[in-house]
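We just call them A, B and C in the order they show up, numbering each chain from 1.
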């Protein structure tokens, strides 16, 4: 009797073990893609372990394609061209791709799995993008809802960026937030200072990252970010400059002005800053120092909703009517805009139609 | 009732800290499908469709965008303005596309009651009949919307 | 038990529908029937797994369980075989057809616990089907299950726009509909009878 029981248990275990073995072998066989090569822009080859997403494989090799959703296929930021070895377009990618993009071999790098040798094309600037570790050095309250945060890079790192570009912060899980989030902020410090950056962060209702910055971050905290990204940066010409910003859009402008002070310039510059009321104005002292320092720089704050208590005697309403005095020669004027899509649309329209500025000389970084 | 894998994913995306800081369900213990069908009953009672409400909200938003987001008066009694911040929100129902982080505030100057909603809210109402869970930050009460905005 | 495989196949779809006659595989049937696409995906996956696991289980039963005299362990063994096969299938699909993986992959873990699959495995033993009969029977059952869930999904889509009393929403109304569908299927029973 007892031997019968043992025999049955043995048989049962044998069946279990055999099936488990088959599974293990299958896993080894089917999920092991070995080493594969990613060929980038027909120039360089990266050898990676197969089976991961393209985004993760590249990040492993310190190449960071911008991604706002952290690889969940919802933001569509991580698009890149995949010529060979990407397999068919997946249902998870289709919502983010237009017909033209599909025809142009554009894929979401967070969804494409690297299983065979693969041939891709990414913009050259991306090679400059690195991941940085930093420690918070200083947090300044600019207004009731805007903070300036300085991140000091850890020993031995330095960041090479152009005034106007942005970085992506990585939040850590906190309070109710159980996963990390990645959000973009413009750098507000000058590129000459390459061992630290400052970001200007405005609290957004229900914002995951801004709430984190405003309520959780303390001096001394460790934070990771990637960058620099973006094609909004100061062009090296001799043209007059019109800066226009609203809200936290003053960050890249501050970076550009600090950069110009470093390199020296005699360009005529005017900076229009739009805010709702006096309590939304900030960096006024810095701007006055700039006015004193540069040969020809004017700072023009404009309030759209000045209240009684503001005792505001400056300019009010829309920004556009005030451009007149700042533009000497429309053919020799560049405009740098940073703010909400509405403001940018209104300003761009006015600059082209009312003031005759070249569309190609209007550079902007839209929040939208 | 068991949820489909898709429902589970949607529920997960509605949790705090996934798409927005406090999520889409507030302190609601109901399943989002239940939230939707309860609000649909209210709509039926009110004689308005979700499309009607979404169209109305979009109308105010558009008026505000037309005024380049500056404060503007619409239909004599509504004060409308919009704030736009950097970034986009995806739809928790995994619909394609992303929605600009724009926050439109409509105030009925007669009653003083005001509503704030994002571009995503309009999509959620129009396509999914979803007004968000009780006490959610952007919960919009269909009853109040119909009483104040029409 | 000399029913031809051809008859068994059709009987399993209509007169002895695994879902509408035996009410097996209810959980996923009720929960995944909100959208036709998902229902179709799951239905296809169930049908496929049903056919292959029934064949596997038939072999295991007649070539391992009977010779070694451990027939009483058939329930456990069948479940293990089904679970292992589903896992295996998931790996294969992910490797070779990624787009199929994204449409079917999410359903595979649900199938491991689908009672229709175990049910078919047990029926084929009780009814002493041959290997060929088993194949026909499981193919029919799978298609029958697919048919049933597609019908429910289609009806539920229509129902979405209708006012259903609050107490009957969701699973309740689905069960009532299933009951009526089952009654409808009784109409087929005159055609052919197995069991």
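Everything that follows uses one rule, which is that contacts are C-beta pairs under 8 Å (C-beta built on N, C-alpha and C of every residue); 3 or more make two chains touch, one makes a residue touch a chain.
Since this is a predicted model, take the numbers as computed values, not measurements.
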item: Topology of the chain contact graph, where touching chains are joined (line, ring, star, complete, other); value: complete
item: Selected pair, greater C-beta contact count between A-C and A-B; value: A-B
item: Distance from chain C to chain B - Cα centre to Cα centre, in angstrom; value: 41
item: Intercentroid distance (Cα basis), chain B paired with chain A, Å; value: 27
item: Between chain C and chain A, distance of the C-alpha-averaged centres to the nearest whole Å; value: 49
item: Two or more partner chains touched - positions in chain C; value: none
item: Contact set on chain C toward chain A in their complex; value: 60, 64, 68, 70, 73, 76-77, 80-81, 84, 87-88, 91-92, 94-95, 98-99, 102-103
item: Residue numbers on chain A that touch chain C, as the complex places them; value: 7-8, 11-12, 15-16, 19-20, 22-23, 26-27, 30-31, 87-92, 113, 115
item: Chain A contact footprint on chain B (complex, rising order); value: 15-18, 20-23, 65, 68-71, 82-88, 90, 94-98, 100-103, 116, 137-138
item: In the complex with chain C, residue positions of chain B that touch it; value: 1-7, 33, 37, 41, 44
item: Complex interface listing, chain A residues touching chain B; value: 68-69, 74-76, 94-96, 173, 175-179, 181, 183-185, 202, 204-208, 211, 247-248, 304-305, 318, 340-343, 345-346, 367-368
